[in-house]
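Got a structure for you, questions after.
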Amino acid sequence: MYDVIVKNARIPQGHDTVLTNILVKDGKIAGFVESIEGLEGREIIDAKGNLTIPGCIDSHTHFMDPGFTHRENFLTGTSGAAAGGVTTIIDMPCCSVPSVRSVAQLENKIEKIKDKAIVDFALWGGVTGEDVREGWLHNVQEQADYGVTGFKVYMTPSVPTYPRVTDPEMYECFKAVAKTGLPVGVHAENFAMCDFYVNRFQEEGRMDGPAWAEARMILAEKVAIQLAISFAEDTGVRLHIVHMSTGIGADLVKEAKMRGLDVTAETCPHYLTLNYEETMSKYVQLAKIAPPIRTTEDNERLWKGIQEGSVDFIATDHAPYSLETEKLKEGFNIWTAFPGIPGVETMAPIIISEGYNKGRISLSRLVEILSTNAAKHYGLYPKKGIMNIGSDADFTIVDIDKEWTIEKDKMYCLNKYTPFDGFKLKGKIYKTIVRGKVVYEDGEGIVGEEGYGQFVKRQSIQKLDHIIKF
Amino acid sequence: MYDVIVKNARIPQGHDTVLTNILVKDGKIAGFVESIEGLEGREIIDAKGNLTIPGCIDSHTHFMDPGFTHRENFLTGTSGAAAGGVTTIIDMPCCSVPSVRSVAQLENKIEKIKDKAIVDFALWGGVTGEDVREGWLHNVQEQADYGVTGFKVYMTPSVPTYPRVTDPEMYECFKAVAKTGLPVGVHAENFAMCDFYVNRFQEEGRMDGPAWAEARMILAEKVAIQLAISFAEDTGVRLHIVHMSTGIGADLVKEAKMRGLDVTAETCPHYLTLNYEETMSKYVQLAKIAPPIRTTEDNERLWKGIQEGSVDFIATDHAPYSLETEKLKEGFNIWTAFPGIPGVETMAPIIISEGYNKGRISLSRLVEILSTNAAKHYGLYPKKGIMNIGSDADFTIVDIDKEWTIEKDKMYCLNKYTPFDGFKLKGKIYKTIVRGKVVYEDGEGIVGEEGYGQFVKRQSIQKLDHIIKF
Amino acid sequence: MYDVIVKNARIPQGHDTVLTNILVKDGKIAGFVESIEGLEGREIIDAKGNLTIPGCIDSHTHFMDPGFTHRENFLTGTSGAAAGGVTTIIDMPCCSVPSVRSVAQLENKIEKIKDKAIVDFALWGGVTGEDVREGWLHNVQEQADYGVTGFKVYMTPSVPTYPRVTDPEMYECFKAVAKTGLPVGVHAENFAMCDFYVNRFQEEGRMDGPAWAEARMILAEKVAIQLAISFAEDTGVRLHIVHMSTGIGADLVKEAKMRGLDVTAETCPHYLTLNYEETMSKYVQLAKIAPPIRTTEDNERLWKGIQEGSVDFIATDHAPYSLETEKLKEGFNIWTAFPGIPGVETMAPIIISEGYNKGRISLSRLVEILSTNAAKHYGLYPKKGIMNIGSDADFTIVDIDKEWTIEKDKMYCLNKYTPFDGFKLKGKIYKTIVRGKVVYEDGEGIVGEEGYGQFVKRQSIQKLDHIIKF
Amino acid sequence: MYDVIVKNARIPQGHDTVLTNILVKDGKIAGFVESIEGLEGREIIDAKGNLTIPGCIDSHTHFMDPGFTHRENFLTGTSGAAAGGVTTIIDMPCCSVPSVRSVAQLENKIEKIKDKAIVDFALWGGVTGEDVREGWLHNVQEQADYGVTGFKVYMTPSVPTYPRVTDPEMYECFKAVAKTGLPVGVHAENFAMCDFYVNRFQEEGRMDGPAWAEARMILAEKVAIQLAISFAEDTGVRLHIVHMSTGIGADLVKEAKMRGLDVTAETCPHYLTLNYEETMSKYVQLAKIAPPIRTTEDNERLWKGIQEGSVDFIATDHAPYSLETEKLKEGFNIWTAFPGIPGVETMAPIIISEGYNKGRISLSRLVEILSTNAAKHYGLYPKKGIMNIGSDADFTIVDIDKEWTIEKDKMYCLNKYTPFDGFKLKGKIYKTIVRGKVVYEDGEGIVGEEGYGQFVKRQSIQKLDHIIKF
């Protein structure tokens, strides 16, 4: 007697797919069978022949809880995740009050959010310039021991409660994180460059959306990544470039990998598909993020990075702000509005549509960049990230040929805006299943329960192979 | 009702293994289940918790049948395969009478061997200098259409019925094979170099075993590979270096891959583990092969090649000669004895022992180099080379910790000699299963039937990704 | 009738040298003859068969005049130059009051120093963060038009009158200098890194000399050079790394050259011959400079850079401070003493002894790095930097085998200290000749006159070829 | 009292030129003076302000003497040299009877030609497959000791008296030459490739000129160079690729240099300026040479090689055949005519016109590739190849702006044909001076005497620096 049988699931097998039935017991995969004749399940979920892949992971979200729950909270955030086929998110340490930079703060955060989550979640640890200055770096190993997946470091200011690092502070943080064996995730933009040109453009009176992208120029990301790589080479830390937005970034990461350095990178759907001239002219502050949307050339070079392995996986940097008070308030403009957009809900559909369905990536690469690689990189594998016997029964079932259009008003997250509003896609989430339980169903909406989602500690320290495909 | 259930099989899953039960129907995998409660099978095979991997493939054998059956034949050859955990072999076109260079000759060969095979087999096509000179290159596409897996080309003379190519003839062969989309497998040694130094050393009176290796020097393989790569670059053919014996070869293939060329390579267990000074001093003509065994430095560089991906998979170049008449006959010496050794029977155990059990390669890499990659490269995948639902139920079950010693007299092949006689191993074949049927069992010996083995046509044209791990 | 004949001069010719007589008319070279029979000269200078090379150039001096004449002044500075075989110096814009960042300030400086110089001099232009902030960048082209040789930029603070640049300010400076076609010379150390570790080491109570070098670590130079190269690539400016102290720097410059970028570098005698552990333990603040003296490994890698062409020429960063009030004053220590040492007087002898006489470099490379390359790079060639017919008759005559020891008390510069005190050399300046006139003679001392030295405007815009020797 | 004064000579000085007067005593340069007032010379040669460079060197001629004097002889050959501004030639060992492969044969050749030469000459040594087979390799060191400049090896057959090498014979030759420290000059084409396609095209009935170039394809040169480089790497011999005709060759040589190998190359004027489609259609067998003329793309890539340093200097492969009996005889065609063209007479004018006057190369590079580098490479420097005091007074005086047209009937060599007939040039030889004596004068023609030209032994063993300009 199985708890659940997911029948008629088309799963990836080598180059191709195979139709099978997935057996689930105690929330874990117990088998795959060609025929369920003679087998019983308490619950039968019919995948109806749809593509069934390991549950997607968004390893870079800011669900703003506790503290900024007018922007997002764990219920709305994980609802969006479920609707977007994401079965596990890894939340950032910065955008909550207090920010998460110690075990006590981790425990506080988990306490505040544990009854809200619809999908599973892991957590990033934190370390800032303040921790260096105040002698608090012992918190790094303690957070690692507690089970965080990595440590976030900001080269530019973001929220006041989570100060940026100067160059030597970053170097000190890298040394501390290196000892844990975990990756350090770096927001890589040269602060002085960004600050200078944002001020200059403001002084010059530019008020157009594209001004934001031109001020936070590609060069500012390039030199920040170069600096981080040099510090990583010196300290031996595992360096991860979060939300990498530029083609030159992919080149730098590739070169570092080829030299044997432990450097990885994620990019986001918007850096793969949108260009700033069009998008920021149209959406202005609603498309304001940091780093900014770049050019179509960057889009293509990042796809190439995804294909060849210089870019390791996809995440969203989901970070919405209040439309009323932080984005569109009377008098707010491209300079004064807060930088951030939601993303968890649209990640998988966009990558499936633009990547797999447009022939840019194979099915096996799709699974790697949406699920497996993040799971491995952050030590959640093989509990998450793969459909092995014994793994969690997390599935993203996709109606691969269904055409639809993103509509901001149908989103589940709290603040309903996105630069993808009106974006046409092929491939829609059919069902999202977390540990054998359907939490989202196309047509029905969210069917999961608040608090069903569990906190997942890092299982072990694992590294992605650094593989380049020529 | 399943035909067969392989119970208590420990199969690779990501970084690790999982204990499962494998369901088999019609010779194909029908499922994996944690528990077989409620399931029935006509036959239950108990793997007893042993490691179960996709059936190993030896893609480079010379079973000498029809024509030279005093050396080996398809019954003895496939018996050795079964005993060595090999469920599919791909036989070379050269060492049979007639050699295989046309569809008629393919059909003749299949007719002669089809009732002898214990494991499955596919076939290489052939093309020689004679085919170029005589205007017979149309046979290339015809063989491809018939289902061969690739085409073998010899830069040095081997058997009289299968003439070598001169440089321009090789170039013409490459152009012809390029059109088929299939790989050309090249025996890469510079003939003039080998010939000159073999003659010179003979004239100088050297009669020691190592003289053979010194005469057919590393440089002769290096320049032959360089030439083949340049011709491949020019013609666009998929170039495969068979039985690559040198570290410099691995470097050249890596460099070619990094330039985007479609160049692959196999190496053999003896090139990974033996050095000529020791081995050829001890075994003299019994260890005489071409290319010869090299140095310990080459061993290590080839393991590195296996690790990083410059060497794609393992094969054996199994080519035994008659001990009585061709190797040890009165008056035969290092120069006059025929060059060749058996290998199909010891390939998997040696690679498991020296590679996986000594920590040189991971389990997933082990499976790739013994099974998956050859299957993909030669278009047999996913029928062969993987344990997918729907794939052939070919399994190599390994008693991973069992220590044993290779003894030549216990071999199944016809001529019982090997430079590995007395070699100590950890890891022994427990059972060999072809399409759900046990053909070999430790302790029992060969339990398969003559003629059970099937001819497998190439399924499609597939390419290995050219991946380098840094 | 010639003005001067320098007889018995042994001049470099290809791989070798040739004994000749040099004819001089109007301060310029008018010919070379094997025999002076039948020729007359108003003055005959006998080189006595000594090696005679083009007058050496120190393209990086801080003669501190006007403004800090208690440190050095143009009379003492150029006396040291003459004694050191240097016939032309190029003075930096920073260490005078006012600093030189406009044509008016250039004219003021020339007025103040023109009656003091014993050897010829050219001048660097200046640009700082203040010029960016205040909108004074128009001064850049104006200085270029006036005849400066390049522009100096500081990434770290040096003197209060010459503010450092932030990263975006450096980028703006590069854009402005790029338009002139002249090189920008960058003091490349990451300010925040240096500042942080200097403070930390002070807090930790380190008072030893080596602490200075460990605080201003190699990594701080590495990342500063990387940043400058990225900015140079983006702006197209000709980037020159002044006083490069690290082996990794040579690697970065080489790599940039091989990518076709216009990046050059100079190093100093102390970075080629001294290591910080020994030297800073012994001399403490008397050896305090920025960047600091490095390791013996850096010495060797910089010599290699000189040999292969990644390092383009030698300069000294001559910048002495008052022994009484700025270096050794009661209570001054490694942290509070001013950073700087003299160098113009010992450059050529050290490079001749350690480079040429120890076989590290050929005679032709010696001439390039002490004279020709700086002349070309800064647009003074062929007036300076070569012994062509028509070139200025500037000669450094060297008694190539004479052994001697540097003694600080015999120095001509104002503040008599040097980390080379007691350093044994082979090769001594025999005579220094500027435009046909002897200004220094071994045994006699300075024989030139104050004010004889002329201001030399840049003659044209020239570039060094970027040549790497493999 | 000087023997000769060459007055009003404009000589290269750094980036520019300077007008001077050159003093000559005993055939050597004794000085350069701005004014000759007060100086006497037995003879005054007026250069009239024309560009005066070191006498050009053609280091690759086949003057066919003794033995094939119906093709060329040392009088006609050196007359052509003089007319072409060439003051030294280095004659190949192959095209005389007997060929030159021993000291006795060297002495015989010198005896036969010494009374004919108008310009100076040095000699190549020889080594062939026959020398390997017959055990005559001791002749290699003996020839080196006698003073040859290098050793020629043929991968393809040329003349019957000078057999080609097989691959192992080439390897043996390289080992023998490696011991001498001298370069081995290789005619690098894959023989089997050339032979096969020449035969095939003939069989196919192609009779057009371009067929020759298509048969001896670029790939045949590429793989031959690769082989030679691998053998050079193994043996340590200094490898020189003679008459390199392809762009890919320049790439291979560059790569070898960058790996630190001692590999050099020459190309010829026809490979830099002509393309086979046009030239061979027009001149058919009169433009037949081996390797053949290539494409305009090869022209450009070879110019780039000359610019960046991957190609080291220019030579001509001057090898004319009898128009009557070997080129244009009744019934002779593209396949049967002998391969070879003259070149010594047009080398310098073509390179001056197409290289320097068209701005492809600087004046200093012009001097290097026409004179200095060959002199250094072959150990004749600084006696030849430079205008140093003490060097031979060999000058090529060029009327740099004079426009003219090559006319075959005005040539001095014996068989008057050239694919450059009708080629328009800017820059003409004004005077050719050997050891202070005019041997050719524009308008006057040859004014030198038979037998004035001297045999020049190699002075020493020298190597070119391997420098790449990025």
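The first chain written gets the first letter, and so on, giving A, B, C and D; residue counts start at 1 in each chain.
Criterion: a contact is a pair of C-beta atoms (placed from the backbone, for glycine too) under 8 Å apart; a residue touches a chain by one contact, two chains touch by 3 or more.
Here is each chain with its UniProt name: A, B, C, D = allantoinase.
Just so you know, these numbers come straight off a predicted model, no measurement behind them.
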Worksheet, complete the sentence: Shared touch partners for chain C + chain D come out as none
Worksheet item: How many angstrom lie between the CA centroids of chain B and chain C, rounded to a whole number?
Response: 66
Discussion item. Can you work out the whole-Å distance between the CA centroids of chain A and chain B?
Written reply: 44
Worksheet item: How many angstrom lie between the CA centroids of chain A and chain C, rounded to a whole number?
Response: 52
Item to complete: Send over the residues of chain B in touch with two or more other chains.
Response: none
Worksheet item: Based on which chains are in contact, what kind of graph results: line, ring, star, complete or other?
Response: ring
Discussion item. Taking the top-of-page definition of touch, could you list the pairs of chains it picks out?
Written reply: A-B, A-C, B-D, C-D
Practice prompt. Within their complex, state which residues of chain A touch chain B.
Written response: 13-16, 18, 20-21, 23, 25, 30-35, 38-40, 257-260, 309, 381-382, 386, 388-391, 462, 465-470
Response to the item:
Within their complex, chain D touches chain B through residues 166-169, 171, 190, 192-193, 195-197, 219, 222-223, 226-227, 230-231, 234
